[in-house]
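Chains: A, B and C, in written order; residue numbering restarts at 1 for each.
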């Protein structure tokens, strides 16, 4: 597929500068070949334009003087680039219709617009919307509901009663609807608390590879519209994640945690059980959230990198920090009292 | 299924108070409808009883005056609730017998009481007990042994020679018996050390979604009876986990770690290779266990949450903590010497 | 399979001491039975030789006086042991040829030396080398290329266009080539940035169970020859990992991170986006890499274990460390000024 630069400008709603040309695809500015469209989002990369073989560049209006090529002008070059990239790279899949190797319960209606790959297993009671793509070896358990335009990658397991909204993408290895981790100590070990809630996922949610989302204990685990989850995230039972919150890889979210809207949660963040986090909160990478967050803003708790040699010296002292502060206090009392004495 | 409150009282061994009624299921006290049984485990939620639509409540005897509904009386309302919930919600699965799409080696005997779902793969030498449920796309490699009453959820991979005790539940995406991570540096890279041990899992063990348990190098990796593992836990080769130890999600357990009985290990805890932890140890969330634990008790090492602004100020100082302590010591010497001088 | 000790000596290139004997397999020195070969790599375990039932021992020349059994002599007993263990335990798999239940696109050529187990799905355009083993329920998407002697364990998902070099081992649950986590904020939520790069994996790479490696955004994610990845590691888009770097379980590697050659990265290490790490770097367990590492050496940032009681006292003080240092400074100014005054 190749599209004229002028047509791309029109379709994403921005202005073209320079001669029209044919664009085959997008590319990184330093590796672009002819026919490719690159972008600059930071003025420090403007010098790369001249040496790039890209046929055209997306950039801000004020950077035009540095550009010797046809251009698309945008206040947000990254956004414009994403839009063009999407136009030039529609989602493809190599299977169409329903594979004869798929095992689909007899009571399930599969719309003509749905594509089901090899060895998919769909249990009874499952409800499928339009234009769904279900890739190989996916298992949809009883009574799962999938809305329109959902793409499910290979080897995903979706547990009984889960509801998934439209335009979601679920990557490989994801497990939705496993039982929450609830036990009560009994005389001879732990008794499992039956997990009777479901997982309810809104529209436009992406769920990264090998992420796990447990079902609720009595009420449901709820992921609202527009949430983006990276790989290997753990979402425990009864968690609620607000609209357009983005969570990076390997975050571990404890039971009954409530996260607000439009939050940005960094990689490998941990959130203790029962924590509440309000809207518009940023949590930096590797932070452990040990108390609820009631005001929007940025929060942290990780350590800084050091050489092992320096780190050892300092981290050992950390184990006597309280004693150190007490010594300081004693010294202060001593010095300031002496000062007073000597006044 | 609906059961009379009086019958539930009898079956879980507790006393009923008030009029008998029919119970369809359990529910959260604030969301219960008629026919539901809720519970209160903390006196601060007693006020919710009056406004709840639940037909009956589980609570402690001393809270009865606050209760305007039929009740089950228990010293441990959570435990009583779990027992009732289990009675009212027996484990169900929608497949029975052996799916024709399952691939089962010809030498494997499948008892009549075993249920095997679509696309399951069972290799030669596998031994299956009674009342086992194997859900879709599970792979049991050569010589795996599964005892009675085990439930294996979809897309689980169980490696050669693994033994699983009775009444275990294995959730989706679990990998048991992958090779341990053992290499020796050779001239031209790393040489793999063959991993010749197995994984031996006791009875009543639950293993959460996408958890991985590696086989031992020479001896076995051993998970004892009653252990409960949450999602995305990593158990390295030759680990041993004692009876009734409970480990929350995303814990990373290093090679040859020995964990005692009845421990409670929080979420995202890390345990360094070769650590030994005695019985009855509690490790709080996100702790990194850097030394063996020889006395039972509670252990920690995570940081506390702060605003990014405050955190930056403090965490930077942490990198010179040793120097700070030395400055304090110098100052102490100076002051206390002066004191002596002036005495 | 049983091999004479003298033959083992010859095949791994080391010297035999004592009488020849027949070796059936390797074993742990304390659990070895007759016919087994054990090893000692640390002189503190030499006393175990006498009580061991092993038929022969691998050890260093200088330890021979402590050895009452036939021996193989090596400067690096662990390496010699790994070599013998590999000889005595060739990789086996119980399926041969191509399972009739495998779904293989009609344009894919399967060499006679390739073994494909049950329910494998291979999409169109896939290119397979010689002596490949593909275990049950593996999904190879469009245009994947697998070189010679690769072993892929059950339930692995390999995304479109991924290239895997020779002699790689991919363990169960691995997901390679899921989309990188790239979004741009738009008016009504986040717009996905299409992920157009691939994943390129060199030769002799091992990838542990449930590890995820995302495809690049525009360029590729690249894992070089000899890299060993443990379980549950997250490798984000556009990461590059240099030759013979070894990464332990549960590491989380952010987008566009570049890691050099021959690094050793501990368990549960986190690496922030865009970090560069030079060659020959050691990063200890649970470290969070917050800045690039330009000099080889060892780096750390985790905390040390303490009792919860002590930890609470100290960690609370950490939140006012900056203020503590300022108090120290004030006190120093006061004391040293007074000293000067009194001089």
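Descriptive notes on the structure:
Keep in mind that, in the parts below, a residue touches a chain if its C-beta (ideal position, glycine included) is under 8 Å from a C-beta of that chain, and two chains touch if they have at least 3 such contacts.
Remember, it's a predicted structure, so these values are computed and weren't measured experimentally.
Here chain A and chain B face each other with different sets of residues for the most part; under half of the interface numbers are shared between them. When chain A is laid over chain C using CA atoms, the rotation angle comes to 120 degrees (nearest 5). If you average the CA atoms of chain A and of chain B, the two centres end up 25 Å from each other. Each of the following residues of chain B touches two or more other chains: 119, 137, 155, 173, 210, 232, 250, 302-304, 306, 316, 318, 321, 324, 328, 331, 335. In the complex of the two chains, the chain C residues touching chain A come out as 103, 105, 119, 121, 123-125, 137, 139, 141-142, 155, 157, 159, 173, 175, 178-179, 181-186, 189-194, 196, 210, 212, 214, 218-219, 232, 234, 236, 250, 252, 254, 270, 272-273, 282, 284, 287-291, 293, 297-304, 306, 310, 313-314, 316-318, 321, 324, 327-328, 331, 334-335, 338.
By the touch criterion given at the top, residues 25-28, 31, 76, 78-79, 81-83, 85-86, 89, 94-95, 99, 101, 117-119, 135-137, 153-155, 169, 171-173, 204, 206, 208-210, 225-226, 228, 230-232, 243-244, 246, 248-250, 267-268, 285-286, 302-309, 311-312, 315-316, 318-322, 324-325, 328, 331-332, 335-336, 339 of chain B touch chain A in their complex.
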